[in-house]
Amino acid sequence: MNNRKMRNLFMIPYALWIILFVVTPIILVAYYSFFDIEGYFSFANYKKFFTPVYLKMTLSSFWYAFLITFFSLIIAYPTALFLTRTKHKQLWLLLIIVPSWINLLLKAYAFIGIFGKYGPPNQFLEWLGIGTKQILFTDFSFIFVSVYIFIPFMILPIFNALNELPSSIMDAATDLGASKWTTFKRVIFPLTIDGVKTGCQIVFIPALSLFMLTRLIAGNRVITLGTAIEQHFLVTQDWGMGATIAVFLIIFMFIIMILTGTRKRGV
Amino acid sequence: MENNIIIKFQHVTKTYHDDLVLDDVSFELERGKFYTLLGPSGCGKTTILRLIAGFTEATKGEIFFDGKKVNTIPPNKRKVNTVFQDYALFPHLNVFENVAFGLRIKKFKQKIIEEKVKEALSFVNLSGYEDRDIKQMSGGQKQRVAIARAIVNEPDVILLDEPLSALDLKLRTQMQYELRELQRRLGITFVFVTHDQEEALAMSDEIFVINEGKIQQRGTPLDIYDEPINRFVADFIGESNIIKGKMIEDFLVEFVGKQFECVDQGIRANESVEIVIRPEDIEITTLEKGKIHGHVQSVLFRGVHYEIVCQDITGNEWLIHTTKKAFVGEEIGLFFTPESIHVMRLGETEEEFDLRLQSYSEDQTNE
Amino acid sequence: MKKLIRFFLVSALVSGIILYAISSLNQSEGYSSGNTLTIFNWGDYIDMDLVKQFEKETGIKIVYETFDSNEAMMTKIEQGGTSYDIAVPSEYMIDKMRQEDLLIPLNHNKLPNLKYIDDRFMDLPFDPNNKYSVPYFWGTVGITYNPTLLPNKEFNSWHDLWDPDLKNEIILIDGAREIIGMGLNSLGYSLNDTDPKHLAEAYNKLKKLTPNIKAIVGDENKLLMQNNEAAVAVLWSGDALDIMWENEDIDYVIPEEGSNLWFDNIVIPKTAKNVEAAHQFINFLLDPKIAAQNTEYVAYSTPNKEALKYMDPEMVQDERFYPSPELTDKLEVYENLGKKNLSIYNDLFLEFKMYRK
């Protein structure tokens, strides 16, 4: 009895937090989404969302988020695999995580300089005789910088999953005749799939609502749902439409969470 | 003869960084036998196993498998399968797929795979468990799956790395029988690594006692138990009373200030030796009949026998296993036959020991 | 655990010390009382010599604080922590601040020098009868370009931007009114036009500009132009001036079809404690000689007609910043189009941004 009382007491901060910072904002967002620009109750925003402009925006958000997640995974997995095999793996891991502590805006500005006309990549191209290319404000630079920013979040869960694998399992696979590639394909990858799923979630969901980078690095040539929300709230002051996009974004996130959710097997 | 040798180590040395793990080890393993590598942890026994499996490479020396040098052949190309200490089963696959893993890699037809897996599972008494999840299996069952996964590939050698250490006592004893039985039925070589001397004695055709990267002694369980070559082996294999003594002449040894008849020979007169008498070879008797006298210090009831510790007049402690009861503080007589006394020379190597044993067994046949 | 506690304790201590330091500094500057005037202005947007001169003449002590965006300024005034007596919002902000009831009406009787302001710049849509504001500086939206990067190119008209040679060279302001307005202007329509047909035409025209657009950015445009990263930019004249300050190669032009006219304005916010001194200061700045000195320092265009007489003729004759009367007639101030029309503008702009080749 006393124990339960204590537990309820400990629940209070958690419950308060959830109500104040999770439930209330979602309700508010949903509430605002039913008001048009002039403040009248209507479904106009929802109707507007299903017009080609916003559907196209949704599609392109998903496409870019997919690309960002895909390239992050392609780079992160081998990196994590390599890290688990190095001697000072925790140190190497730390070095990869450290850049994620630096302010995003700062990193974005640094990339404006790097990818600019006179940045090192273009100087290199010039040296090769290829000549200066437009790198900044392209799909390439946008995806590159996004991948750079998200990659630590992809590496961490995969690294942890790999690190937990007992080495005897890999030995067992080779012992049974598996080559290195087969061992990876049939044992290592399936056993770390939960780490991969977590990594993809952590990258895909924020990538879906990226803003700032779409302006700084992609020069507003890439418009995602996140950019649209930012614009509606800060510039056009159309809170209703911004809230409506946010509602859809929240729905998409829940769907992704459910689809990629890690179910506990067995027991 | 050479044909019967499946694995041969020639002067194999293994160092990790600067640590010498195996020190110039040579041995041969025959087909169809049950070998046990016995020793304390860190003695190098698992390294031998990993060298056979191919998980690690020898620093020096040569390893032959079926007459061919295999030093650099990767594990997936060796006709050897391992049963790991932690079983190393694949948690994402069910029992059937775990066992079928090796067969699938060798691209067998589905029908053949099904047949072989079924057979292997029935070998380890797990018929009907095909669809079970690994997480649903008990420790003993996992052990069997691991064994089935190894035998299904029909290897020439199966390596078992302390496979029973995680099981409880009763299950362990049962699995010891089953493993031994399985090896007989399959007729292939088993190399079993353990630090449990009872397990080694119960199961093996031949035991290699290993310590500090060297094979201390090899032989049948009986040989090793009865004729330990040195203090380490005597101490590691079973419990024993090891007492300092002196060889007077052939068949006569002195300890606790008395001379006793024994069966050992070929040792220089007046050489300092160590005497081994197993606790179960000592009988409690009256003071008159006792060869030496002891003062009982503790009596422990062990179920089948009493474990009695007593002290002789020179201060040596004697451990006795007997069905007779004694009382603490009592003065008792200890009796043992000349055959129970085993004399060990200090620092004698295995070769020298074998040579000495050989010389007087020849004597005996000459007689 | 111990470490964690120590960490929290140290953080709390440091925060406490900083808070104390701030409050004592604030007191020492005598923020709250006495005959002081607190001015809230953009950075480097007044000749500080004039501030000293005003202090000397009137004995009023001036506290000068700066902001870097209209939104930041409005937030601080809404919070009301500091009693700002003067603020300098842009014209679109005036409407908002009035709606939020953040402004105090001006007493024109106390501003005799108001008569020196050019009639063209009085009684504008964002503040009828100048009830709340006095224009401080004004400017336009135009084309900033770098002749060294684009030899043989001349810019006179919005149409010049559609030149196929300018592929991937242009950066645009991230503003719906500015860019849709540019589209309308380029077709000869008013930048306050709300006719759906005209807007559709403008949108289609803008779509054709897409291949030439390098990026649509915010404040980064200054950086990009200064560093020769881009050759052409559609910008406010104020930003253009800042860029020209840093990079002398760069030039600015007001397109002949017409463009937008913007204003920064002096207002008295609700937080004011010294309304009397605020009027005194506004009137001081409206004095032609003072305004001339201030304009020569700030270098933006002054709305003070009389002041032009006291300024360097070269500056006054610079048509880039004091366009000819014919051109000036074509410049328009953004009218409040209402939320509905504004949202149409925004949607078109969003669609334009998403359009790719």
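Residue numbering begins at 1 within each chain, and the chains themselves are lettered A, B and C in the order written.
FYI, a contact is a pair of C-beta atoms (placed from the backbone, for glycine too) under 8 Å apart; a residue touches a chain by one contact, two chains touch by 3 or more.
Computed from a prediction, not measured in an experiment: that's the story for all the values here.
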Both-way neighbours, i.e. chains that touch chain B and touch chain A
none
When the mean CA coordinate of each chain is compared with the mean CA coordinate of the whole protein, which chain is closest?
A
Reference chain B; chain at largest CA-centroid distance:
C
Expressed in whole Å, how far the mean CA point of chain A lies from that of chain B is 56
Quick one: chain A and chain C, Cα centre-to-centre, how many Å?
36
Please work out the Cα centroid separation of chain B and chain C, and write it as a whole number of Å.
90
Complex interface listing, chain B residues touching chain A:
53, 55, 74-77, 80-82, 84-86, 88-92, 101-102, 105-106, 133-136, 149, 153
Can you name the residues of chain A that touch chain B in the complex?
166, 168-169, 171-179, 182, 186-187, 190-191, 265-267
Tell me, which parts of chain A touch chain C in their complex?
37-38, 53, 56-57, 60, 112, 116-118, 134, 136-137, 215-216, 218-221, 223, 228, 231-232, 234-236, 238, 241
Can you tell me which positions in chain C touch chain A when the two form their complex?
71, 168, 171, 174-176, 213-218, 220, 223-224, 227-229, 339-340, 342-343, 346-347, 350-351, 353-354, 356
